[in-house]
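Here come two complexes built around subunit A, the first alongside subunit B, the second alongside subunit C.
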Partner chain A sequence: MALLRHTNQPAVERQALTINPAKTCQPVGALYAALGVHNCLPHSHGSQGCCSYHRSVLTRHYKEPVMAATSSFTEGSSVFGGQSNLLAAIENIFTLYAPDIIAVHTTCLSETIGDDIPQIAAKAQNEGKIPAGKFVIHANTPSYVGSHVTGFANMTKSLVSYFAEKGPAKLRTVNVVPGWVEPADMREIKRIAALMGVEIILFPDTSDVLDAPQIGKHEFYPRGGVTVQALRKTGSSQATIALGPTASGSAALELEKKCEVEATMLELPIGLRATDAFIDALRRIAGVEVPQALKDERGRLMDVITDMHQYFYGKRVALWGDPDQLVSLAGFLADVDMQPVYTVTGTPGRAFEERLTRVLAGRVPGVRMRQGAQADMFLLHQWIKEQAVDLLVGNTYGKYIARDENIPLVRHGFPILDRVGHAYFPSVGYLGGIRMLEKILQALQDKQDRDCPEEAVELVM
Partner chain B sequence: MKNQEAPQGEALREKVLAGYPAKLAKKRAPQLVVNHTHADGQVPPVKANVRTTPGIITQRGCCYAGCKGVVLGPTRDIVNLVHGPIGCSFYAWLTRRNQTRPPTAQDENFMTYCFSTDMQDENIVFGGEKKLRAAVQEAYDLFHPKAIGIFSTCPVGLIGDDVHAVAKEMKEKLGINIFGFSCEGYKGVSQSAGHHIANNQLFKHVIGLDDQAPEGKFKITMLGEYNIGGDAFVLEELLARCGFTLVATLSGNSTINQFERAHTADLNVVMCHRSINYVADMIEKKYGVPWFKVNFIGAKSTAKSLRKMAAFFDDAELAARVEQVIAEELAKVEAVAARIKPRCTGKTAMLFVGGSRAHHYQDLFAEIGMKTIAAGYEFAHRDDYEGRRVLSSITVDADSRNIEELEVEKDPKRYRKILSDEKRQKLASVNFEFNDYQGMMPQMDDETLVIDDINEQDTQRLLELCKPDIFCAGIKEKYSVQKHGIPCKQLHSYDYGGPYAGFQGAINFYQEIDRLINTRIWSFIEPPWEVAASPTLEATYERG
Partner chain C sequence: MTRDDAILDERRAQVLRNGADGPAMACGKTSAAGSVSQRACVFCGSRVVLYPIADAVHLVHGPVGCAVYTWDIRGALSSGPQLHRNSFCTDLQETDVIHGGEKKLTRCLRELVTTYRPNAAFVYSTCIAGIIGDDIGAVCRKATAEYGIPVIPVMSEGFKGTKKDGYRAACEALASLIGTGDTTGISPHSINILGEFNIAGETWIIRDYLTAMGINVVATMTGDGRVPDIRRAHGAKLNLVQCSGSMVHLAKEMESRYGIPFKRVSYFGIEDMSQALYDVAEFFGDAPMLRRAQELVHRELTALLPALRDYRRDLTGRRAAIYVGGAFKAFSLVRALRHLGMQTVVVGSQTGNADDYRQLKELCDPGTIIVDDSNPVELAAFVREKGVDLFIGGVKERPIAYKLGIGFCDHNHERKRALAGFVGMLNFAREVHATVTSPVWNYVPRRRRLQEAV
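Entry: the complex of A and B
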């Protein structure tokens, strides 16, 4: 019996059919980004279904409440446009849910209709539907362009367009756009900056939002999220560090354009050398020393790498997910002498292949990579059937391949619907690197313990 | 923790409505009703199946979700191709937990796959039919399925792609059954519209294609059972033990061929009235198969339903087997209930979910002594609240009018008069209700609160005002309820537990509710240093 019993090989080129996608749609990314703003209610301008699906997938990923409203389009709105729905929604949201900000994202439907959100928001303003000191912001997020990562990037960029202000004088702050990472990662980035004594403005910031503690009380707007005041100040910061160009690049460039805050583009700090690059950039920009505590963390990660190298060496890995995550992860795996042979992302963009090729630096013979249309998990599985791998790294949907092919799976990325931990333990930074390696070793070694001949079971590994 | 002074009845209703500004409160008021069953069985009217106000944080999803996810989702040997941008298909990928059991490794199962045309910019601008046609061809070349269903998402209707024309053309070309669904998300007001569109198409394009009835006596088709968490497996086994022959289930653990011969059954039993009652009506009209409502949630309801089915076939041997199975099973159920009931008696539940479960699951709670103090549906219609007696008085508004109502006539070849007038009359004389459903409210206590299309606002107020011992809803509500320190049981996905149908299901559910209500974990939320009468340190720190 097989779960994916119809997956056959060899891989025949498809032009039109996507099977088991390695991406989803823009609005869910915009929704996630907007949750990283304090007292902000995301709003989906379209039919109810999109919003219901986006809230559901985020809720399943975080096991946390995920609040967002919808324009609840009917057939009439899809013919006459969604203006009256959005106007009504704005009024109702401010009276019922009292956010400071409504962050509107569009859907395929409202995009196809061509609703003009700023114009509708202006009308709401004129009609007195937006209370003093409150905001309606927006991002266009048609899903027939890009992917969920694009949606995250678009909403993050909108935070800059709507709020960043170039003040009279430069502040000491450094902006950090963390990319689509977990609350734990955002928390870790703040911890690293604090250790270094650098004052950063992190946006968006979903820590203390999507990892809210159980205290017997429901906080409709949890404590976390970047504030409007902080977003305003981003325009006067020393510089912006964009972690992961796909998710964070456009916000950083917008800050450069709008407020002349210089942008530094880095890969996501997952793994040793990407973390080195991040810390080095922070050090240079802020003019600080790397503290001993961080050097020790780096040393401990190096220790795990050197101690356990034999278990990494030569292991073939297949990965799927988002470009920024994949580039850093594959680079990290290659650095410890694993072989990330197959990589797919549904998020389109040629730069992905260039970036991946750069970090792999020719050390992975026979490497296959694919982005965009039909770069899906069906194709990846076909490659695996052609020549097997030792490890899978990707989201929960990989468990079907893992079971069919008896390949261990390390869950990473979005969505993770069947395990906890990703919201609490980082994968960025040196500690995150240790955690990633621990998970990889555990998966590989558990399999060896389970599957090897009895006489070969090793007590010490 | 329990709120002893919790408001009830009209007082509670007013307190919930007080959360709205006047304009919204007025709009919302007819959807919140204090229950009262008159002597003739009539209950107050509930405004249902109406639009959700924009900006309200609703439980509801879309028409497409009801069509692709709910109705067609559980059929394993059809390729369900979603025509649209990627998201709609992605989110409906394996997320509804309908299980399936292909008999052999060779049998087809596409339920683990997600198929999409992944429409791009240029498809929106220049139309997506060409890409759809190519995608159907590619799916055929790769998998050679028996059937392909094509599902329209929101932009499709707007740009004018004709999925039905493509389906027809490709059906002729490839020689397999291919049909489309105009289930754009904006149709209707909830998933309910999608159920209807899905079922209409199955009725038009699939049911009746194969007249070969399966071998066996006492043939039935089960309508409106979707095999969440393995419910259908439990029922299949139970029905077989009793001696019934299950021709088809719409649509839990199903195949296309089962649908094709669904009309060969002698009886249709309806589980979820909301999602499928019109199919039962249409099959009866066209093929002559009578139907009645059953409920396999709750041990007593299961026993009652089985007896009713046996009575319909009027066969002594069948009746005896049914009684034997019931006796054996009830003994097991009652042993567990006896242990759990004292631990749960008097506790309160609220159920806000779906289109039938908020009703059915009240039976299970009652069996362990729990009271349902408030309930409502996410996407049901008035007849699901008040019973089919109100059908004729339901006004058809603009949102319902665009959901096709099929004109059905007797099939000259296949219509069978299964139930003689004489027998129907005889059964009627013993209060045997065909074609009927009493609705949720007549079964609920007076003064309980009924809320249609509940939203986040109402939910929060209910929790604060009444502090129920358990709240039943879906994934989007689950964790905001639990942050109150109140357990939430998901009744869409069963929290990845179950099955809860039939006798074994009842046992599972009692145990699950006992776990949720009687665990100590909720009492640990407050740290000891914040408890008022916190005991002083039990050990003293020894200073050396």
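Entry: the complex of A and C
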């Protein structure tokens, strides 16, 4: 029997209720962003549960230890404010865990009682609780605003607000804000830039943090992460490339405002054209040539697309997840002649629908998209019940629909709670494009092999 | 680093070394602000206790995160409806925080009830619902009257204590259901199973044993739980309570309200499982039932003990660290590991009380480190000091153990094989054997260092 057996009825418009969300709350995004800073301990200013949940979900996704501290609010702190908790926390953290930076993010509780983090941090500074050369930074991330993606954006923007400095002279560096992508994606972005001979400052950077090697001990602060020194230099870079406006846009704009570093807004470089745009921006800003090695990678992706296009024609796809990921994925799928007909994201913001419409450019008849309230997995399932799709692309929460409707699922995005290894392979860049297409075709053909009539099983496909 | 450098000063009273003189364990404290605590909150406690009730809807009145992080995260199996595996949320927004969330909650309940026609609805309060002062009780009372099903508020604001207080709030929600159903036809040899959540089908194993003894199980709370069963739970003659903290409160409440006595049991490990069945038979004072229990234990052990022998041979002398939610579970684990020839050298819990830790001291060998509300830095230091081969814990401990090059067994939400009952002991042995003797540890640096040191 179907796990989601109650979805069967005709779609009734809901006004209030969210069923099986396609988003989560801001603080986890702030925590993830802070993990991409070297020697930084994320700190959750709220109840213990928030921090515990965020660490658990990140651990389930990355299969890595995730360190973060909490103010451990009690009933008293919720009445009298969380100042004393945060002061004690700052002292305890620097004593015991010795980070360079404590990155405080707020929660719905601390926001609503009105805790002023900069004021509390200043008090800690005055009372000598912050050792010389160490920092307490913060981002406001109430859980009742935005989503995990905007939480990531807010903390990333804070890295600029706290650290970026406009130096006396421009440096050769280019800032790249990668958005909420896997550590392997960040590593791939750095590899591409290095191939082109462009010196980039990538922030945040969770490679070598959430894909740390086995060395027989637990490194409380793994060796990866952008350094404070590099963050300072972002204010003197040639330009900033924001990959994905939702997750990366505000940091790039802040750099433009604060340090007059020009911002270039791009879509996440997933797929052929989005990767082209990224590489072209790097080339243009740094004044370099695209090396043959990278042209060859592009050629190989093109070759794979030509080999595969016959299987992709007209395949209907449903997508869910985060706006930046969805826009680029949908564009890529349309480029290889698939039909990304349904897209939902719980992350609110009308710009998403405009961006998606622009990237699809009228190529997908009957396209349906929804963002924000009630844009959830239940709605997506109702659409699929009305007219089926051939493929699902999104996080683990699609597995109920995949099973009930017997539709292949390609796992992508956050969180993936039921598989291991996804954090090690990029989906960005030309190589990432090849990997995405291989996964998609394999899912489609595995289903065909399993479900087709006996006489139709083909050895050569 | 000296061996206790990893311990915050204010936490020193929450760590003791068995056999060493010192004050009693200080526990039941809130975590030190700034510690990387492994603990969760009140809401979490309530949510894990109630969520396995599969024919009810569970509506989180709060921000989306609280709903998402508790969405189907424990494999609490249901033999029927799967409603509990959905995530329902009021997804409070800034305007709701300013103007109050009661209207939205009312509408959500209407949409939920009309969509799903559940047997009951649980409405969980969260930090934010508590802080903005929504009268969830009043909304629930109105909805109960309007829809003719119990709509039950769970007062689980995250900041109002620890996870234990969440258990208590869940028990109070259950208590409001109990006593509202018809008890006719319940056998004099009847029980309720409390504090068993049917992770990987464990409730079914226990239920089968009890049924084989001739016992009528009225309600299971909450593994594979159903609202109509819970409503008539007051007709049972005995409550069997597993799991340290989570449901003793309800058992006490039912004792005072309905005169139903309770027994604390554990279904984990050979002695504890057998004892649980004998305790039940003894309670009913029924000779044929006791005989059936003895036969059952005999039959199970005849199959189990020879099967354990090979595992024991490989595991003898290996050392284990245990860090679990409730201390009661730790007792069973220490004993079960002894059956496998293993020694427990570090043991801790998130929520143990003074009495639990006294018992642990008696049970464990001298030198064993006993710890309350620990954190990753401490745990890693203890594990290194004691040269541990196996870590038993939950989701946040697993990757730390692996980084240290140590085998791991999940005895928490994410266990995927039943570890309760006699069959569970065999599964446990297999799981411990699989990880402790894995060839992967031959290649990690820790083991290489150990080998070079020999």
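Methods note: the second predicted complex is superposed on the first by the 460 of 461 C-alpha atoms of A that agree within 3 Å, B and C clash if a C-alpha of one lies under 4 Å from a C-alpha of the other, contacts with A are read in each partner's own complex, and residues count from 1 in each chain.
The rule is short, and it goes like this: contacts are C-beta pairs under 8 Å (C-beta built on N, C-alpha and C of every residue); 3 or more make two chains touch, one makes a residue touch a chain.
None of the values given here were measured: they were computed from a predicted structure.
Three-chain overlay on subunit A, with subunit B and subunit C in a clash. In the superposed model, A:50 lies in contact with both subunit B and subunit C. Of the two partner chains placed by superposition, subunit B and subunit C are both touched by A:215. Judged by the touch definition given at the top, the superposed model places A:96 against both subunit B and subunit C. Within the superposed three-chain model, A:433 lies out of touch with both subunit B and subunit C [touch as defined at top]. When the two structures are aligned on the shared chain, A:249 is found in touch with neither subunit B nor subunit C. Residue overlap on subunit A between its contacts with subunit B in one complex and with subunit C in the other: 3-6, 12, 14-21, 23-28, 43, 46-50, 52-57, 59-60, 63-75, 77-78, 85-86, 88-93, 95-97, 107-109, 112-113, 142-145, 147, 212, 214-220, 346, 373, 378, 397, 400. Contact residues on subunit B toward subunit A in their complex (touch as defined above): 19-21, 24, 51-65, 81, 84-95, 102, 105, 108-110, 112-121, 123-124, 131-135, 137-139, 141-143, 153-155, 157-159, 184-187, 189-190, 398-399, 402, 456-457, 460, 463, 475-476, 478-485, 522, 525-526. Here subunit A touches subunit C in the complex through residues 3-6, 9, 12, 14-21, 23-28, 43, 46-57, 59-60, 63-75, 77-78, 85-86, 88-93, 95-97, 107-109, 112-113, 142-145, 147, 212, 214-220, 346, 373, 378, 397, 400, going by the rule given at the top.
Subunit C contributes residues 6, 8, 10, 30-44, 62-71, 73, 82-83, 85-94, 96-97, 104, 107-108, 111-112, 114-116, 126-128, 130-132, 158-162, 376-377, 380, 384, 395-396, 398-400, 402-405, 444-449 to its touches with subunit A in the complex.
Interface residues of subunit A facing subunit B in the complex, by the touch rule stated above, are 1-6, 8, 12, 14-21, 23-28, 43, 46-50, 52-57, 59-60, 63-78, 85-86, 88-93, 95-97, 107-109, 111-113, 142-145, 147-148, 212, 214-220, 346, 373, 378, 397, 400, 417.
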